[in-house]
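We just call them A, B and C in the order they show up, numbering each chain from 1.
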Amino acid sequence: MDTLIELGRGPLFRFAVALAVLGLLRHAVLSLWGMRQVLRRAGDKRFALGPVIQRTLVHLNPVRYFTGNRGVYSILSTLFHVGLILVPILFAGHIRLWQRGLGIGWPALPMSVADALTILTVVTGVLLVVGRAWFVASREMSRPQDWLLPPLIAFEFLSGYLLAHPGSNPFDLQLVTLLHVGVGDLLLLVTPFTKIAHCAMLPFSQLVSEMAWKFVPGAGHDVVKTLGKEGQPI
Amino acid sequence: MRRLLATKALLWFIAGGALILAIVRFARGMGATTALTDLTPWGFWIGFDVMGGVALAAGGFVVAGTVYVFRLERYHAIVRPAVLTAFLGYLAVVGGLLFDLGLPWNIWHMVIYWNPHSPLFEVGWCVMLYLTVLALEFAPVLFEAARHPLLAKAYKFLKSATVPLVFLGIMLSTLHQSSLGSLNLILPHRLHPLWYTPILPIMFFVSAIGLGLMMVSCESLVSAWLYEREPELEVVQGLGKAARWVLSGYAVLRLGDIFVRGQGPAIFAGTYESWLFITEFLLSAIVPVVLLSLPAIRRSAGGLTVTALMAVTGIVMNRIDVGGLAQVGTTGTHYVPSWMEVWMSLGVVAAAALAYFFVAERFNLFHAGPVKREQFRYNLPTFDPGTLVAHPDPYTAGLGRYTLAGVFGAAVVLGLLPHSAFAGLSLKSQRVTPPGFGDRVLIDGNRTREAVLFEHKKHVEREGGEASCVRCHHLNNPAERTTGCARCHRDMYQTTSIFDHSLHAARLGTGKGCASCHVDNAALKDVAHTKACLDCHTRMLPATAAVKPRQPPRLGPAPSYVDALHGMCIQCHEERAKDPRVNKPALAQCATCHTGKVPSFDPAKPDARQTL
Amino acid sequence: MRAILTDVTKCIGCEKCVAACVTENKLPPALPARWTRDDGLSAERFTAIERKGTSNVRKQCRHCLEPACASACPVGALHKTPEGPVVYDSSKCLGCRYCMMACPFGIPRYQWGSTVPYVRKCTMCHENRVKLGRQPACTEACPTQATIFGERTELLAEAHRRLGVDPARYQPAVWGETDVGGTSVLYLSPIPLDFLGVGRVQHERALPELTVTAMEAVPPVFVGVGAVLAGVRWIIGRRMKLADGSSPHGGSHDGSHGGSGTGSRGGSKEKKP
């Protein structure tokens, strides 16, 4: 089991991080490259960056949904994301690992705050899945990854909490470590291939909706075809 | 187009990984990436990339000579691919060499600092010139479709200069193909006599012609298979016929030379070198010649492909043998290329192959014009189903797959890299950082699956501040085991007739039972601060016992017999090893004295320390 | 030409020469590394004492009269100075390590751990001492005169004098007098010193001689190949013209193929040696 843990903390972890970072980078480069190609072929070369930035920022601001018809969902989701982003990066134990591996470190969250955020993430993660199952509409449009990812993340945080508090860990320490490391690697590995990619791709999605729909080459032909007026003079 | 897609994806995968390795090679040096040593300063990169690469690219001058000197016009169809292969091959050689040279930014020094006695100087110049010649020979293909009047003029001029260029190319090739053999003439002490011969240059030249013919056949057949077009079977059969003669000549020359020099018996000596020679010789000459004599093989594209591949492998193996494998026995080294060297070399080859595809798909490389690129259905912007990431240009869909393969390659290499690639090789600049949070660390110091809360701060204070770090953290590399707790707490695993620690630990619940005896979390986990036996085993002594034993002796860590013995020798050893003027760093290493099995602590045998 | 004579029988193995070399050349500590040979020498140690039975043999660059390293170097970064030492110019080096391959004693070592690696070896203290008429640090430090510095001819005479006075004490040869064409570091030894060489000992003649023939053939081969190619092309072209003249549909393809194919190969073989 030691060997497995070392594998997960060493080679596999590096592989997972590299795949996550390079994979997201690849999405970004391809999006920009494709945009350039589309723009080159398009007749209408106007391009508004303003709305893209504006929409990205709007999407990043969850508060405006709090009072809407899905307010509870929005609040839960926001709380979920706060812990999800802060704890893995700012947890003291993780920073220590970075220091040992690469010699770089940064300020950590106080233990008590990290604990609170961890519990919050686990709870909100579970609630989000429950909500998804509860409402017919969201249940119907859910894909497998929508069901799988929140529980995996909740598990990751739960196991992390147990590792940070070995006194209250009723399970085998090695086993929990292995699972924590393994699921962490798994989440990183699937980052560029699942909706987790939105962590880096949000602005690019906005860019695409700004560009691609406007500048579809051959769109005129498609319209003619759809209308069944092929070959007719316009 | 499936096979082409798969092949290209594989090449991108390799190239992506090689890109990472290239960065590591230059950021961390050759020591971190290669398995080269002071006794084997040349390895896989020279044997395969340079010696093998130059020979593999021999097809260019062989085919150009066939068409422009011997005027066999029916081979005209393969001139362009052959010249392109040669050009890319030489580019790959130079690319590979840039990684192998210690100071690659000085590669141009050969232009200004001359040493005409050196075969390497001659090879360097010839490769430099020949690369230029090949570029000029191939440039018309690229300029053909160009509309710019200047390019059109250049096209016309180069086209008219074809014959002189081909002549110059053959002259230069003759020189450096043979000089790669001359290179080894100064190494009679390293090269095994089955390979070392004064006519090594001639041997290299003849085999390069054979390899050139076979490589062009190979390339023609494989590209036809990949692009699903009719193979130029007639042409390849002609090449095979010529190769049969050249390879037979090579075989006779090789054997004749060995027997004339009286080294015949070494072939059958049953040594490592004799087997190496037999394998190489069978692959490079005997088997291909036999296969090419069989009409059934000569008629089928598959048979020709296998034969050509075999001959190519065999002759490249010859270069690798001369460049290294045939020197292993004589110098007594154990060089095995590191996986990074091999991957890197494959990456260079992959890049060259991708460049070949790039040209084949855009220019008139083959008579039929540019081969059709893989077509993807023209669609609205495609949304990746998993990520909902849209790639707005449908043409990037192909690029999307390849870049994904490249990203995977890079990630695999990053995962496989040894720690030294990140932290460097230096042993001196290891920085040990104190824990940045709390005073307690949860550790499993002895790797016995019993984690304890380790009072880090208290240990630092007790052991004498920062100077004491090394007592536990020798190097503090990740995944390296720090000093186990038992190194200092010598009594923790001591089995006596009275007490068995591991038995107690197991009975009380691994990892959680510690506190049953080690009551004070803040105290040392030694006998002095732990419950005594009688505290639990209250009925251990019958009340009626005549002899009342005292409590177990409450002593802290005491020097053991091992320490006493070490103390007798090790002090002088360490003093001497530390003297910078004495070159005996090994003196302070354990294995210098412990020549047998190096003692290690085995938790399965708690009393191992005492028996060593 | 200056040289060093090391008398193995006089060496007590105190390693004062090693310490002096380290001080003189400001060498860093020699940490054990994957790529070092287990013979004491490394990129950080230019001389070392190897203990063979009761003999202590000091290893260092032999400063050959016809150095293989200098002959091999494509940019002439290594050269034999008129004073005797073989020295290295790091500003020319491109890091091909052919010198390390060529040296029959495996002397040049590489800074494998560095990102800007150079070849390192004993320079007989040429820059700071020998060029200025002083003796190297190692011979100066030797307390027993086991290793001494002087004119090569005088040292050879001294070596033969010692051999004559006490022949039972030594092997009957001065190492370095003639092997690999003679070296500027001479040895008198009670034991054979073949172990100082790398691989199969081939010390009868200077190694650079082995490539000379091949290298001298380069210009004639270059011109010869060109001439043969032009000739062959002209002859075949003429034959094709004649064949075209007599029979319009070229039945001569096969004939010219066989004839030219073998002819050319014979031609190139003749030119090569």
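In this text, a contact is a pair of C-beta atoms (placed from the backbone, for glycine too) under 8 Å apart; a residue touches a chain by one contact, two chains touch by 3 or more.
Quantities reported herein were computed from a predicted structural model and do not represent experimental measurements.
A.B. asks: Could you see whether B-C or A-B has the larger number of C-beta contact pairs?
C.D. replies: Counting C-beta pairs in contact, B-C comes out ahead.
A.B. asks: Indicate, using Cα centroids, the chain positioned nearest the centre of all protein chains shown.
C.D. replies: B
A.B. asks: Compute the distance, rounded to whole Å, between the mean C-alpha positions of chain A and chain C.
C.D. replies: 61
A.B. asks: Between chain B and chain C, tell me the centre distance in angstrom, where each centre is the average of that chain's C-alpha atoms.
C.D. replies: Each chain's C-alpha centroid was found; their separation is 29 Å.
A.B. asks: Using the average of all C-alpha atoms in each chain as its centre, how far is it in Å between chain A and chain B?
C.D. replies: Whole-Å distance between the two chain centres: 35.
A.B. asks: Please name which positions on chain B make contact with chain C in the complex.
C.D. replies: My answer: residues 26-32, 36-39, 41-42, 65, 68-72, 74, 100-104, 106-107, 109-110, 113-122, 124, 163, 167-168, 170-171, 174-175, 178-179, 181-183, 185-190, 193, 198-199, 201-202, 205-206, 209, 238, 242, 245-246, 249, 327, 330-332, 425-428, 580-583, 585-586, 589.
A.B. asks: Which bits of chain B are touching chain A when the two form their complex?
C.D. replies: Against chain A, chain B makes touches at 378, 380-381, 386-393, 395-396, 399-400, 403-404, 407-408, 410-412, 414-417, 419, 422-423, 431, 433, 435-438, 442, 444, 447, 449, 451, 453, 476, 478-479, 511.
A.B. asks: Chain B touches which residues of chain A in the complex?
C.D. replies: Spelled out, the residues of chain A in touch with chain B are 2, 6, 9-12, 14-19, 22-23, 25-27, 29-31, 33-35, 37-38, 92-93, 95-97, 99-103, 105, 108, 111, 145, 163, 166, 172-174, 192-195, 197-198, 201, 204-205, 208-209, 211-213, 216, 218.
A.B. asks: In the complex, go through chain C and note every residue touching chain B.
C.D. replies: 15, 18-19, 22-23, 29-37, 40, 42-43, 45, 48, 68, 71-77, 92-98, 100-102, 104, 106, 109-110, 112-118, 197-202, 207-208, 210-215, 218, 221-222, 225-226, 229-230, 232-233, 236-237, 240, 253, 256-257, 260-262, 264-265, 268-269, 272-273
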